[in-house]
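Here chain A shows up in two complexes: once beside chain B, once beside chain C.
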Partner chain A sequence: MTQAHSGLPADNVVTLGIRHRRPEPPAEPLLSVRNLHVVTAQGRELVRDVSFELAAGGTLGIVGESGSGKSLTCRAILDVLPPGLNVASGSIRFGDVDLSRLDAASWKDLRGKALSAVFQDPGSYLNPSIPVGRQLVEAIRATLRLGRTAARDRALELLRQVGFEDADAVYRQYPFELSGGMAQRVLIAIAICAGPRLLIADEATTALDVTVQAEVLDLIDRLRREQALTLILVSHDLAVVSQICEHVIVMRDGAIVDAGPTRSVLGNPQSAYTRSLIEDHAVHTIDSARPASVSGKRTPLLAVKGLHAGYGIRTVIEDVDLELAPGEILGLIGETGSGKTTLLRTILGLIPTASGTIELDGARIDGLKAGPLRELRRSGTLQYVFQDPLRSLDPDLTIAASVTEGLHLRGETDGASIAQALGEALQAVGLDAALASRLPRHLSGGQRQRAVIARALALAPRVLLLDEPVSALDAVNRLHVLKLLRGLAQEKGIAQVFISHDLGSVAGIADRVAVLYRGRIVETGPADQVLASPSHPYTRRLLAAAPRLSAQRSEAPAVFTAH
Partner chain B sequence: MTTISEPAPPQAAPIVTGRTIRLRHGKALLRHVGGTLGITLPVFFIATLITFLLGVVSGLDPAAGIAGDAASPETVARIRADLGLDQPVVFQYLHWIGGVLRGDLGTSWFNGVPASELILQRLPISLSIAGVALLVGVVFGLGLGLVAGVRHGGRLDRAITLFAALVSSLPPFVVAFVLILIFSLWLGWLPSSGYVPFADDPIGWLAAVSIPAVALSVDVVADLARQLRTGLVVALSENYVTGAVVRGLSRRRILFVHVLRNASGPALTVLALKVPMLIGGAVVTEAIFNMPGMGKLAADSALRGDVPVVQGTLVVSILLILACNMCVNVLLGVLQPAARRRS
Partner chain C sequence: MIRQLLRYPSARAALVILAIVAILAVFGPFIAPHDPLAQDGSALLQPPGTRYWLGTDALGRDVFSRLLAGSTVSVLASLLSVSIGLVLGVVPGLLSVFLGRRFEWINLRVIDALMMLPFLVFAIAMTAMLGNGLVQAMFAVGILITPAFFRVTRAAALSIANAEYIEAARLMGASTSAILRRHVVAKVLPPVAVAAASMTGACLSIVASLTFLGIGVVPPDPTWGGLLATDLANLYDRPFGPVAPALLIVATVWALNALADALRDSGRKETAA
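And then the complex of A and B:
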């Protein structure tokens, strides 16, 4: 157990014995990055002195929040840095080739064949105007001199290999006809078509549903094993990386702050930042304890009964019953397309109900028209927080103007009381009053999300509908916002419906959980009970798919014998 | 390969085969073509109605002219009745549009020759000028735009952008005078006026047409180059370009197969907008170069008050413009199915 204290020396001690059998070092590193610096045209360093080695067949995870330089490092390896950015110094060796001084012709021989990559937002990495099959064939023919029919056969085989049963159909589809997970599978098929040695997956599963994320990660891991791929997996999510990678690098502000075998980094983090990442995860992983629950024995503030709703003739919400007591937080989970957002928008009156009732404090609010509807909206009893904070704030209004707009609309004219309401709202969300005079684009993601919540709070709502309020935030900000919402429920008695695809967040904040699947609520109950022992198979699948820190999983056999 | 560890259907959708997808795409394309037609037809009828009403509100009465100065009011009324001018405007329009659809544009009030015959005589000249101008505009516009877009930010790009800004601020007749000055008066290479039919002497035809066509095309070159440059700069920064680079595709292939297709939208739209300018510009250019084209026919007929001929030239122009717009619209739909889907 002693070697668990520090990763690297222990590594050396253990490998000494092996060196007797194999005189040379374990393996010539396939990829070796030395003192890499990436700078902007203005000379600002975005990646500072990054060095690492990756042996053939190894798996390396790079973790960090957005802007930490993890993606830039990968793009520097692939020589596809955004315009204006350059590798200022350092070397990148791939096998026995120095990638940092390579001409275009040699790059063409490497890319796609030896080196390949998949990225975040897979749909955008396919040409929108060409069916995906033709793009796959094109990649195959660019790398493996194959004839038309042979390339087509290979393409169909690859599509089946990445899990498409209807490869024939997918072959002919345009990128816009595929879901995110399907597009990522196609890109993976393209990436592995020539049997590359190194695959870089840069946030390849970010923004996919948990279940889809698990499938794609599974696919990457399976292909890695089958084809002896060396893998670099980049993610902002420590849990995703820890599931697959043997080694991990933690980056912050362009520099490596922690590195080593995954287990030792998780078990014995060297930097405060890594510790905070792990702790944040611990607070809202599923296994953790939920904040003290409020008893649900009160009259419901919001009651939905037998609700059907949809767009046009398409029914999205079917027979949904919900009750929400004052001060209660209801977590709503389910994959994309399950109707979570539609349900919230229907409660808000943005989508007409087909049948069923919605009651707020005993009064029907479904089917309200013109005058009464406007009155309800101006009262601010029911407030909504949208998913993307930047796009839900008017870019030309200061934060103060956005937050107080509802008060003005309500007809309040007293400047002093409006200023007081603004101050209280900002204070409640922990936003510095000095930021009130700024425009949304001058705020960070976390500050914007707080501003959006402050806007809702200024109207003294009784019910808050929150659509993925934390999914755009990194771990640190997510925790702050979750604590804030929890506090609002407990101190001000604001009832909340909370949508998140991050089950950890839901587990950390919700009193009760409702699981939505294809427009129906398939399971509902106290959060700890549903998440600990789900009864519906879909809930079980959803929970199984959620990434967890593997340190917790491997806590018991954590005796580091030999890597 | 039986490597699929878990069945994990990517999407629990009903069985879809390649055939159904192909059928679906075919239907979408048909719908797109149908939609384009559905817009074009009403535009045609509204435009021809306006054309017809122009003749009505002009207040010109052919009967008085035909009958002569000494005619009695009864004779004039009889001639009016013969020409159908005593009918309500709606019937007159229906009668006229019925003729137009059958290819009958009426007869000249001036010399009794069918308007369609007059127009057919002149049309090749105008089409020669507008067609060559279009060709020159497309070739040079796309060429310069391509170079500027690929080299964006570079010296060549700045030179092309400057050239385009300069040139598009010059009216065609100014360009025409400069070209006449240089190529006709100083160098003496090209004639400054007149027209030779293509069938008689292809070289002479080209010589006669080239100055007016180039003068007209300058504006098209500038606008196409700028639009294509902007489209390319945007498309080149898209993720799928990075993806294609990483896949190991050649620069040439990425540019011509992937980028150009998605970047050409604004340029094609501008091209469709430029066609009326070319046809309208032909009037001025034909006057300068003293060519007996359709523009000159329209201008002369308008001065003479020959309403059916003016209407006829307008109808032909409308048809040409709508046909070009339809072609561009269908082409856009074929090139960019994603854009088609949004509309």
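And then the complex of A and C:
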């Protein structure tokens, strides 16, 4: 780093010392980050001039989209930057220790003990072939030097602390037997086993369902208060952070664009970016459900009646009725395991129906034989969009090859008309035609998801089934894709079934909402009606768990009021 | 792919060696300074010299010429085995993943049965049954290396069989053969290429072993393994004798294995990028 510092922060950098606002005089901050720069081996700056202070017992939220440098900042604090990245300049002080000058041996006494962290995707941090109890004991013995029995007792106690009533059973379970939320609880237990002073939760609840997310956030908040933890909560979701944190930092492109007490940042954002984040939220929150635009009764394009389906003898879908009119978007909500994906897969003919009927444009499409089923699929009338665009695009095929795949499969050979269809599909999703010759890995997440939608559009579908199409995207891309889907419904009359665990997305896009609970539809109706005044207790629970921007709303959801 | 490969020094060395061996195999009989079968009664068991570069054997034949002439047979024989193994292994390996459980079960049992057979003994039995010829012997070897190709192909195909893009293709009405052509073959080829390179090396040693034992090639036709055998028989008179054929076998097998390793490593890097 050769760039000279004049002592004044750069134009777009808001440097702000965050102090705990308590009556007693502010003590020495527990964590103090000063002018932190993280660079790649090629000299590209991924984190620019980040400074903040965090008092003992304080809570700090760091918000930003993927690539904003929020995770790198945390990793720099923990000295676990990915290979090739280095702290170029700046200081990180933890208590009276200068973390940036610590050798490996001294780190061993800090990391996992005084400093601890929980990350996204809990499953990948647990060894799949060892029961979780033993992994917890291993962590306890490594950090606390306890004997075997003492460590076991401590492990069971920790498991109870993180909310497992049946700690003995969980102790013996393997990671694959745990749900995502349970695995995250185990990791939290590991993180707090040595009684850390600072806990960093990096997107710790992102992969979880709303209800589970609320529980885990609640757990983190409870542990923080019980154990006087200092907390850094990193999330792409402003609402999640605002639930717990007293202070918030908004990051973009490696720099801090907004910082301060949560209330003032939300109430009086300094940067345009923060304002746009808050506005995105206002557009897509459960309080902004659109009134039904499809009026009157039209002949349904897709009609599901009395559908039962499942895997083998296990019934997942029970007695489901659905109707979808042309140009209508139906939001399908429910937690993991409620059967949302199974329902879509049954409609697609990937899972056989046990009973009931599925009609597309008046013709039965359930129980088709291989030949007619292939004909139907090649017609492209019914198209499916997967959750993760990276996995649903062949990594070795260019975007053009993937988008036109269906046309080739249909037997179209005319190069000019295929090229035209490709151009139109890319234009419809707003994807630069120059990207057509690229491979999926060269595209951003948002571009990839557009490519997947373009692949579906190339076949001129009438019904789109979308399985969590925006959950892998950050706030800005999510908004773009949602607008795109809304436009397709209005301009091309493409009917859509839209699955999302993010109720804000559903509210922003759906005309009608159906709530799936344990394979049954417990509530259905116009989006504004269902989301504003849910009649079923399960719907109410789902809605209560959805994170909201607390500065905008006077009353916080029940789970968070116990501060 | 090639450029990636050339970043490895071992791959460059291996390719040089293999190029030399290929030239020997194609042009060996023509560039040999002497007739590999001609006997010179006045020069038996000669040490290397100006007239006979690598000396002569017990019958006065030029060892260098015999080595060159033997290259063709040795290389062709191992390539034949590998081709047979490729066809018999890769196709069922792919189909066992995509054609349903029954086909898969039968395939796996046949492969299990093949894996039990001991190499040399089976090859000897085949030549005893079908006549002592190199083609018969290499056919036997080809069948025996089939499981290696089957396993590699199947493992690679299994890892992508449940990929979402394959399901996406199926949802657009793709047939199994279309899926294989568009999505599977290209991803299975790299590991198969690795297996093929290392198997060619293995086959070369097997050819050498078989011909060393006198199976597959009838005297006086020269092969690398056969030369090694006669040289060993005359070890007392020509102690340096086995060095040349042994060196050639070792170098070629090493080159093939190094190439296989480099192929695997470059493939891994490419997918990681």
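Annotations for the structure displayed:
Following the convention adopted for this analysis, the second predicted complex is superposed on the first by the 523 of 563 C-alpha atoms of A that agree within 3 Å, B and C clash if a C-alpha of one lies under 4 Å from a C-alpha of the other, contacts with A are read in each partner's own complex, and residues count from 1 in each chain.
Everything that follows uses one rule, which is that a residue touches a chain if its C-beta (ideal position, glycine included) is under 8 Å from a C-beta of that chain, and two chains touch if they have at least 3 such contacts.
Quantities reported herein were computed from a predicted structural model and do not represent experimental measurements.
Legend: residue contacts after superposition of the two complexes on their common chain; A:F176 is shown touching chain B, with no touch to chain C. Of the two partner chains, chain C is the only one touched by A:G380; chain B is not. Comparing chain B with chain C, the partner in contact with more residues of chain A is B. In the superposed pair of complexes, A:A117 makes contact with chain B only, with no contact to chain C. In the superposition on chain A, A:R455 makes contact with chain C only, while chain B stays out of contact range.
Of the two partner chains, neither chain B nor chain C is touched by A:T315.
Contacts of A:L78 after superposition: chain B is touched, whereas chain C is not reached. By the touch criterion defined above, A:S100 lies against neither chain B nor chain C after alignment on the C-alpha atoms of chain A.
Look at A:S271: by the touch rule set out above, it reaches neither chain B nor chain C. With the contact threshold set out at the top, not one residue of chain A is in contact with chain B in one structure and with chain C in the other. Contacts from chain A toward chain B in the complex involve residues 78, 80, 83, 104, 108-113, 115-117, 119, 121, 124-130, 138-139, 142-143, 157, 160-161, 163-166, 168-169, 171-176, 179, 181-182, 185, 187, 190-191, 194, 215, 218, 222, 226. Within the complex formed with chain A, the chain B residues making contact are 1, 3-6, 8-11, 15-18, 20-22, 25, 237-240, 242-251, 253, 257-258, 261-262, 335-338, 341. Chain A meets chain C in the complex at residues 348, 350, 374-380, 383-384, 386, 388, 391-397, 402, 405-406, 409-410, 441, 455, 459. Considering their complex, residues 163-165, 167-175, 178, 182-183, 186-187, 271, 273 of chain C touch chain A.
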